Each structure stands twice: as C-alpha cells, then as structure tokens.
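Order as written gives the chain letters A, B and C; numbering starts at 1 within each chain.
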Amino acid sequence: MEFISTLLNGLSSGGTYAMIALGYTMVYGIAKMLNFAHGDVIMVGGYIMYVMMLLLSQNVFLGIAVAVVFCVLLGILVERLAYRPLRGASPLAVLITAIGVSYLFQSLALIVFKSSPKMLSVLQISGALKLGKLSVDYSTIVTLAVAAAVMTALTLFVKKTKTGRAMVAVSEDRDAAKLMGINVNFIIMITFAIGSGLAALAGVFMLMKAPSLSNTFGAMPGIKAFTAAVIGGIGSIPGAMVGGILLGVIEAISFKIPLIAPYTDAIEFSILIIILLVKPTGLLGKRRREKV
Amino acid sequence: MTVSEFVLETKELGISFGGLKAVSDVNLKIKQGEIYGLVGPNGAGKTTVFNLLTGVYQPTTGTFFLNGKELKGFGQERINHEGIARTFQNIRLFNNMTVVNNVMVGLHNNPEFKCNMLESIFRLPKHFKVEKAMRERAKELLTIFGLLDERNNLACNLPYGKQRKLEIARALATNPTLLLLDEPAAGMNPNETEDLRKTIEIIRKQFGITILLIEHDLKFVSEICDEITVLNFGTALAQGKAKDALNDPEVIKAYIGK
Amino acid sequence: MANIKWKRYLNYIVISALAVLFAVLSLTGTLKLGTQILLEKITISIILAVSLSMVVGFLGELSLGHAGFMCVGAYIGGKVACLVDGDGNSHLILITAILVGGVVAAICGFIIGLPALRLKGDYLAIVTLAFGEIVRSLFLNSTPESFGSTLGLKTPRYDSRFLLIYGFVFVLIALAVIQNLIKSKHGRAITAIRDNEIAAKATGINITKYKLLVFIVSAFFAGVAGVLFSHANYTVQSKTFDYNYSIEILVMVVLGGMGSINGAIISATLITFLNEELTTILTGELSVLKDLLYALILILLIIYNNAPALKGVREKYNLRAFVGKIRKHDPAADKDDEAKWHRVPTKIDMNEVLSTDLVVKESRAEKGDRGGK
C-alpha cells in the first residue's frame, strides 16, 4: 500500500515536471536553444499569483489566469528582446544569454520581493479519496488530471492544427519551412508563449505541494525538468511526458529510502549524465547525424 | 605488409544504412602518381566513398588498402596519420584562425615538428625552434598556392576560391600519400578552374602524391584525370580512361536518360 | 625582435612586478588587513577566470561547473591541511594541500572530460552543471567527521600576509602554463577543434587528448583556487560553490572577451574589486543590485558581440580598431610573423551542428544518410 501511495506521489510531481519539461523540449526542438530562464518563469508566475492574492484575496482562479497570461507575455518579450537578435549567432552566445536572463529574473525578484520566502497557498485542496486501505490526496488527483489534460491538448494541437504542424515543420528544417511560407519568427514566438504558460501552470501545482516562494523557487525544478526532457528525448513531446513522470517516480522512491534520501539530487543528476553518455537521444528521441 | 603496385585499392567496398545500400561493390585501383576521378550524378554515393576512405563511416562490406596496408576499422585521425588527407565539399576551415595557422595545424603531427607539452610550457629552445620551422614550412606551402600575402588574414575573410586552395594546402601539410579532393572546382568560374587545374598538376609533380577527386565538371575531369570511375546508385557503372568511360552508353544513359 | 618578446610577456611582467610590490608591502606590514583580504580574493578570481577561459574561450565549450572543481579543491585541500597540522601555518603543508587539492580536482576534470568527448554545446553545459550540483550535494551530505556535513569543514585560516603572496605565485604559474600552452602548437590544435571539429579530426588532430587536456588543466587550477579559498577562510561550506558562483566566473570570462587571457585577468580583478566595494556600499537588500548589473552586462555584451544584425556597428566601433587609431598603427606592421590567431575571437563560431543534435522525427536524418552527401 505504501508503495502505491509513493508511486502516486511520484506520478503527481512527475506530472508537474512533465509540464515544465514540455516547455524545454518544445523550445529546444523548435528554436534549437536551451532556454535556461525557463525555470525562472515558474518563479515569476508564482510571485504574480502572490500579488494577485494580495489584491483580490478571494478569487484564486483569476489569480492563476493572470499569472499564466503574464508569463505568456513575458516569454514572448524575452524571446523578442534577448533571443531573437541572436538568431543565427553561435549556440554558445545564445546559451550564455539565456543564463543571463535567468540571472536577471532571479535578481529582479530578489530586489522587488526581498529575500524572505513568501508563504502562499494558491489552491488548497484538502482531503483524500479513500479506496479501502489506500488513500489518495485530492491534490494528487487534480495535479495528475490537469497534467494529462494539458498533454492531450498539446498533442492534439501539434497534430491537428495548422500552427502545430508548422511547428513540426520548423523543428525539422527551419530554412525549408521559411521557404514554404511559414512565419518562423511567429512560430518560435508561439512556442515560447506555450512553454511559459505551462511553466506558470506548473508553478501552481508546485506551490500546492510546498507553499514557500523565493527567488530561486524555479531554478532547481527547472534544471530537473530539463533532466526529464533529456531522459525522455529532447525535442519529443511524448518524451517530455514520459521523462517527467519517470523522474517524479524515481524522486519519490528515492525520498522513501532513508539511506539514499539525502542524495536524491545527486542521483537524479547522475541519471542525467549517464543517459547523456549512453543514449544521448533519450528514450523517445531520434538521432540526427552530423553531415560530413 | 605486402607491397602493392597500387597506392589505393578498394575491394568490394560498400556500406548500407538501415538496409539501404548507399555504396556497394566499389573496386578502385589507383596507381602511384595518378590523378583519379570519381564522377556520377547527385546522390550517386561519391562523398560516401570519401567518408568510407577517411574513416567517417565504417564499411559494412569489403575493405581498402593504402600501399598494401589494410586501413579498414581505423578512425579518422589514424587514417590521416596513415597518409590519407581530404578536403570537404562544403569548405571546412578553421575560420577564426589565420591562414598560416590553418596550415600549421596540418603540420601538427609531422615528426619533424615534434615538441611535447612540457617543452612548450617551459618554453625550452625546442619550442621556439619547432615553431619557427613550422612557420617556414607553412609559408613554403602557401607560396605554392599563391596565398603567402594572405597569411595573416583570417581564413573566413578569404574569397571563396582562395578558401578552396587553403583547404588543399592544409590537407597537403599533413604529408599524405593520397589526397582526396571533394569537388575542388565547385562554384568556381572558368578562370579559377583553370588556375586550380594548374595547381593540382603542380602539387602532383612537386609532391609526387596520388590524387583522388570528385568532380561534376566533366570537362575538368577529362582534362585532368588519368582514369575515372563513374558511380551511379552506389555502384560503378564504368571504369577506365576518362574519354572512354564517359562515352560508355551506360554512363550516357545515367546522365541524360534513355 | 626584443621588442616583440617584451610585448608577448607583458602581462607576466606586470603581474610579477605587482606580486613583488605587494609581497614587500605585506611583509613589512604596511598593507591593511582589508587590502590583504581583497588581494587574496582577486588572485583566486584571476586563477578561476584564466582557467575557465581555457575551456570557454579556447576549446569553445561552456562549463557551468567550474565552482564544482573549486569546491573539490577547497574541501580536499582544507582537509589535508587539517589532517596534517591543526593550525596549518607551515609553507610545506600549504603547498602539499594545494597540490593534492589541485590533483584531485584534475581527476574530476578528467572524469568530466570524458563526456566532453561525446557531447557538445548545450548538452555538455548541462553535464558540467549537473557535476557541480552532485559534488556539492556529496560534500553537503558527508559525515560530520569527514567533511563537516551541513556545518561545513573547519579549515585553518592561513596568515593572509603570506597567503596573498602564494596567491600571486599561483596566478603566475596558472598564467605561465595556460598561456604558454595556448600559444604553442598544442594551443593551435585546441583552437582548431573549437573552430571545426570535423576538419580537425580529418587533419589528424588527436581530439581525445586535447579535450581531456583542457578539462584536466582547467580543473587543476580551479582546484588550486579552491585550496587557496579554503585557507583564506575559517570554514568551507558547500553552498558557497553553487551554480551562481560558476556563473560569476563565466561573467568574468565573457566580460574580458572570450579567447583573451588578459581580458579575463582584467575583468576578474575588476569584478572582484567591485564585489568587495559594492558589498560595503550596498548593504542588505541592495546588494542584489550587483547581481542585476552583472546579468544585464552579460546579456547586453553577448548580444552586442554576437547579434548578426549588429555586425556593421561592431566593425565601426571596435575597441581594437579604436586603440589602433590612437597608436597610429601602421597596418603593414601587422604583416610580420607574429600571427595573432590566439586573440582573434570575441565570437566563438560553433556553426557545427551538435553531434548529438536531435529532432522529433528521424526521417530527415535518414534521408541525409542515404543521399550520402
């Protein structure tokens, strides 16, 4: 029984990771860059919710909606100001800029909201579903349901809509897509918008679990979600889901074993390194060879 | 090691990618001092043959010998040490380095210019001697290609034709017995092509090396090559003297259809 | 000729002169303690920046775990000093600690160099980041007896009058090794790998050897800096060496101009000095302004130096061209044999597709292979 509840815990935090990982994987697949600042968008979203709660104390869902919209706009803005000027420049330059943006968000948040962590419970879903001996928190169920819904919607979006197919085309070959009349800049903008929106949403579920908000709130989950994206195969949407859930489960199990619990982070990062060395394409990614 | 009359000999060389035969049964026999052409339509597998010969890909069937020594299974660096140097279809220079330094990288493994890291770190006399000698040799090579005046410019700032020449100079600097040139005349105007033809003749004479080249310009091929092989769909359609091979009915069919 | 040689070793001479000057001032007791500590910090920063610049500027790979190597050096070196001697004010022990710490860090560098043989760009960057976090986590969760667990390792605080001299000595050693290596045929091979790995391979350059070399040397000196750090403080805490510290070192390298050792030295000095000054001026919450400033500098500098659209502007307002104008430089003088290849790029060209670049679908890649182009 305990194992199953551990597993469910893992699934719910895995669902959160998957939502963040989707942002990484889509941006990597389409804009061909590692958006280091992605994790910090979660943090910004969290603070926006905090402000909204102070202003409109009661209306939780409006707060969430405002945070998501704000992050979408922020994603678009950052892409426009920091990343687009560097399109065509060396990947190293883009990566360093992304690191700079992440650094910028963190220090801005620290200046505006000070260093003491803010306690913030956005959604409080108490109680648990009892199935015989097994009890499942409602919050776990909600997290899982939302994660599943988001992924289904995103898959359908990419497969069925014109914009979604254009995204696939841009990720395959940006120049060819451009020649086919696809507005590459617009597609990349949409990708950043979706990724940032999902990050804000993931922030809600993270706060549900640990309601303490500081300026580095998103940094570690961001890096872990990137790990998840790599495990699943970066660039692949189902890969991000599988990787996220796998990482969540591994984390939950590792926390339960006292001997290795303090080393959970080290274990997760070791998995990342091993996967990159043994199968850099991840579980569901496909290999592309360098032409000579 | 058996002594062979051929510098390069390939035996049933072939590779398949996931069931698709990109190159199969290629048998080349290239004699010392020859200029040998590899021609064929786009996608015929010419560059793949080069990639097999330089260790970028490992052959799935067959093998190849350089002066009788089997080189199958060796990596790119090792094959270069054994004496095969190449240029690339899409020029690959060390763009942020100067012209003379591009050539000096080519001289890196030359036993004449040995200087280990400690000798460099402690700036022993050996280091200065080797650096000076390398630079002199590089300048000699650049003189042959008419690039001496450009030696302190960045490689990426050279005009296209000179970049092609620099790539050949760098390959030659590794002191190869066999030089592979991948479309050396691509994108050149008639004057530059003529200039290149002369340069290739000069390096054959001066260095006594054997050259295998891929080229689309059939006029250029028939002027410069002693023998050629025509590839299509990864297999050899015709082999022999340039004029004969190009007039082979199969070859004409492959190029202009029935 | 003599003139040229002077110029080539100018940074070396300037630092040596400063080292002697500060050594004399320090030993005669004219230097205030605050200045001594500042100088210690500056020398540590310079060693870190110069060693990182070898990886980022010359090999063209991004390392986000430089603080991790420093962490290894700090803990191991500190532990050595603790084990051998409680108060640790012996020269022999300090040197032993520095060497042991450096070598252990170099071994870690070797281990991180192995993935570097297969991975490039973003992937390698994330591996180095993961390494830094793993190292930190291991020391954080160590037993109190071994490395002090969460409280940190108590280390002997070395007399700063001497420590700053050691700092200068190791700056000179790091400079000599890295600069001499880079400005030799070996450095040429390393920059060739940066510029075009495929071509370097085809030219017979031993990629494995040089990539590992760069990571080992760079990690060794980061470890040395770590040991110096542990001797400049009473405790070593793993949280010091977090990801942000790696970024700070990276800022030094980027600010100095990637591929420029002197630039790294100058910007490391400047940033460390400003850090110290700003912490006294900007107290409390305001001290974050400093981070904000670095972030903005990093972003703006990279965009200015790399944006394709700004190429014209860059060529017009080039610092080097500007300096050249002041000196009334004769362009023909550039045609001498002193090729300036090692200071060329403020921009690193990594146009090569990642060797493990991935896309959603494989169809295109397969087609590419079949075409055999």
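FYI, contacts are C-beta pairs under 8 Å (C-beta built on N, C-alpha and C of every residue); 3 or more make two chains touch, one makes a residue touch a chain.
Just so it is clear, the model here is predicted, and its values are computed rather than measured.
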Among all other chains, pick the one whose mean CA position is farthest from the mean CA position of chain C. B
Name the chain pair with more contacting C-beta pairs, choosing from A-C and B-C. A-C
Taking the mean of the C-alpha atoms as each chain's centre, how many Å separate chain A from chain B? 48
Chain A to chain C: how many Å between their CA centres? 31
Quick one: chain B and chain C, Cα centre-to-centre, how many Å? 39
Spell out, as numbers or ranges, the residues of chain B touching 2 or more other chains. 47, 51, 88
Using the touch definition from the top, which residues of chain C touch two or more other chains? 198, 347-349, 369, 373
When you check chain A against every other chain, which residues touch at least two of them? 292
The chain B residues in contact with chain C across the complex are 17-18, 20, 22-23, 43, 45-48, 51, 54, 76-77, 80-81, 85-86, 88-89, 92-98, 100-101, 104-106, 108-109, 113, 115, 117, 120-123, 127, 130-131, 134-135, 151-152, 154, 156, 170-171, 174, 234
In the complex formed with chain B, which residues of chain C make contact? 176-177, 180-181, 184-186, 188-189, 191-192, 194-196, 198-207, 213, 334-335, 337, 339-341, 344-345, 347-349, 366, 369-373
The answer for chain C against chain A in the complex is residues 56, 60, 62, 64, 114-115, 118-119, 121-123, 125-127, 129-131, 133-134, 137-138, 140-141, 198, 243-244, 247, 250, 254, 285, 288-289, 291-292, 294-296, 298-299, 302-303, 305-310, 347-362, 364-365, 368-369, 373
Please name which positions on chain A make contact with chain C in the complex. 28-29, 32-34, 82, 85-93, 95-97, 99-101, 103-104, 106-108, 110-111, 114-115, 168, 171-173, 219, 223, 226-227, 230, 233-237, 262-263, 265-266, 269-270, 272-273, 276-277, 280-282, 285-292
